[in-house]
Amino acid sequence: MIKKLIVKQNSVLWIIAVGIIIVPFILPNRYFQDIAVMTFLWAGLATSWNLYSGYCNRLSIGHAAFMGIGAYTSTLLYLNFGISPWIGMLAGGALSALTALLIGGITLRLKGTFFVLSTIAFGEILKVMTITSTEVTSGALGLMIPFQPGFANMIWTGKIPYAILAWIYMLVALFISVKLEKSKLGYSLIALGENQEAAENLGVNSTKTMMTAFILSAVLTSFGGTIFSQYIMFIEPTSVMGLSTSINFILLAIAGGLGTAFGPMVGSFILTPVSNLLRGYLAGISGLHGFILGMILIIILLYRPDGILPQLKLLSKRILQKLDKPKKGE
Amino acid sequence: MLLKIESVTKKFGGLSAVSDVSLEVEQGTILGLIGPNGAGKTTLFNCINGTLAITEGKIIFDGVDISSKKSYEIAKLGIARSYQIVQPFGNMTTLQNAMVGGFCKTKIYKEAEEIALRSLELVHLDHKKDIIAKHLNLGERKKLEIAKALSTQPKLLLLDEVMAGLTPIEVQEMVRIIHSINASGVTLIIIEHIMEAIMSLSKRIIVLNFGKKIMEGSPEDVSNSQQVIEAYFGVEEEELDA
Amino acid sequence: MEQILQVFISGILSGGIYALASVGLALIFGVVGLVNFAHGEYLMLAMYIAYWIFNIVGLDPYQSLLINLVVMAAIGYITFKVIMERVLDSDHSIQMLLTLALSMVLQNLALMFFKADYRNIRIDMTNDIMNIGFITLNTPRVLAFIIAIGASVLLYLFLQKTFTGAAMRAISQNGKAAQLMGINIKSIYCLAFVIGTTLVGLAGLLISPIYPAFPTVGASFSTLAFIVVVLGGLSSVPGAIIGGLFIGVIESFAGYFAGPAYQQAAYFLLFILVLIFKPNGLFGRS
């Protein structure tokens, strides 16, 4: 039984991922429920980012651009043409896929450092374009979504529906990650991240593999952007496309465990509540919140670059093994 | 003929690392490739499997011109290679390493796993299947190199000095492994410095020096050839004696 | 025509500063192999140091130059010893994320202590102009340009003419071979990092009379410096100098013809074009 548990650590993580939806229902007020929504949403976003960058070990630091595409597409369609954000979300995803195809075509063949720099450049270009196209996007001022509750508008009065939506989003991203880990695409991607030439010699088509994962990651990130904009009901270029947003994806993923399916979720479950509570309590001192997050990231990178999840797995394995021993003696 | 190389030349800048080499490999055989360091043996492997683009010449594999194909396409057609300096995917397990190759011809997880397990068995590494590759010792890594390549289910396998650095007992085991791979129907080209091993494996040997093919013949012909001894003379004499 | 020339000269003047801000980044990348995303933050720190010395002691940025540079060198040294030295052998992704985190920490530290306000240093010279023929130039900008180019050229000479400089070039070209030659690699790494942070600090100090200090001022310069070094071939110091001047001119013309909002877009576009067509840099060797 216990041996099976060791093998089935993923099932334990699945139980946590699915069971966590109880939490927002038992939280006392809107403030804490808001943190729960954000935790699920960021978990989904970080998991989406991880799909390409984590497994392939190639950092896309401009990835928030796709979140921005998702947020702006659905919002603009909704505001200008009254199109439901549900459809807007799909449209945003399609546009993100197209953008990823275009950007990927140029950047994916670049080697390490150049790739990372090029992702930043593309992210910044998109941000500058959004800021300068004031007639469409109202530039740096941002866009406000009017409060008209209704399922079709993806707007609700309470926090619970948002929590459920963000949770489903997280589960979808998670499900895709787990599937990826057990697929040709996943194996090829990880192998490419470790040694591109050796992988190609084993029949891995690096362009196709990277492109597929990059597009998948972009589309999922874009979905998160739509959910984010419908929840906050206000978007502006820096918050949905800025470098700090991209860094947050990375922070959560690496805190939990880069290139693992459940790592980004674990990272978000721990850091998003901490971060939000800090933001709440330290609101008086601007900068302290960001300072602490930066320090956490530095400490993780210096002392636990594998993240928390492998540590947790090791710990649970040891505990289970200890529990196992007396039984054998009987 | 499984593989036909027609006057292949590979130049780096002005220098020819491989110049005007032609050779043929018959289905089911083991061809030995020897020569002093820097003779162009590994470069020739890189040309065959598409890691390097050839400058001149033509390579025909199984009736298909692969001269300008990319390495992943060539792998799918059925040529696999091992590296002289082992290239494991360090953070994956032994089985996962082999499975990357296993996915070459299938998309189904279970099938890739079975193929990979079979290759691990063939190189006697199945008992280490759940070990993270970076924790393997050199002998095991060499075996893993072969298992990865085997998992792509090749018709032709290129082995680049898989015995270098191994103990005499490990060398004997490796010779047996290569024989069993050959027996399973895979054609091989092996680069090797350990003469005893190559003599016992190949019936035909090609000698390269300074990028040129200087001789082709049976192990006896080669070891008696004055030309070959001269090529090695003073450079790697001791290895010829070994 | 006169106006075009004015725009061109103005671009060259900015370009000198960009060159100085970038040579350190190229040096650190070439020698230490680190992609330092926190590079611009050292520029920001130097601007604040200049500001506070000016406000508390009353020394203008030029008078406090030496103190400022010593402090910047010390900060660079501490950063290297406390953080960078630990990850020299780590994965590139880890190194990049670490410098990214460092930039986040330094920016927020500045925000905590100095608030988001823009802080200007107004010295007598700030609005001085000089006329050369029909061209009007702002004196602090000219001064900044001369010192910046001087310092960049000095760095180049240091790399070419001294033993330590030769060691740096050797490491930049082939780290392992240099190790065999008996060069103490770690101390060379450290020196290169310190020189890099000090030079970008100098750039910050030079613009402090004409440009306000605020917590995120370094970020825009970081981005710019990255574009410059990519144009220059990533690890080449002369490449970074030429790249800096080039970007300055491009930016100036883009601002003149298309409006200030498109300045950034212009050099990002250039950056992408270079990545597509000349991934080894516009002035880099292949």
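The chains carry the letters A, B and C, assigned in the order they are written, with residues numbered from 1 in each.
Note that a residue touches a chain if its C-beta (ideal position, glycine included) is under 8 Å from a C-beta of that chain, and two chains touch if they have at least 3 such contacts.
The shown structure was predicted, so the numbers you read here are calculated from the model rather than taken from an experiment.
For chain B, the chain with the farthest CA centroid is C.
Compare each chain's C-alpha centroid with the centroid of every protein C-alpha atom shown, and the nearest one belongs to A. If you average the CA atoms of chain A and of chain B, the two centres end up 43 Å from each other. Rounded to whole angstrom units, the spacing between the C-alpha centres of chain A and chain C is 33.
Computed centre separation for the pair chain B/chain C is 49 angstrom, with centres defined by C-alpha atoms.
Within chain C, contacts with two or more other chains are made by no residue at all.
Residues of chain A that touch chain C in their complex: 57-59, 61, 106-107, 110, 112-114, 116-118, 120-122, 124-125, 128-129, 131-132, 243-244, 247, 250-251, 254, 258, 285-291, 293-295, 297-298, 301-302, 305. On the chain C side of its complex with chain A, the touching residues are 29, 35, 83, 86-87, 90-94, 96-98, 100-102, 104-105, 107-113, 115-116, 215, 219, 223, 226-227, 230, 234, 261-262, 264-265, 268-269, 271-272, 275-276, 279.
Only residues 49, 51, 70-72, 75-76, 80-81, 83, 87, 89-92, 96, 99-101, 103-107, 109, 112, 148-149, 151-152 of chain B touch chain A when the two sit together in their complex. On chain A, the positions that touch chain B within their shared complex are 182-184, 187-188, 190-191, 194-195, 197-206.
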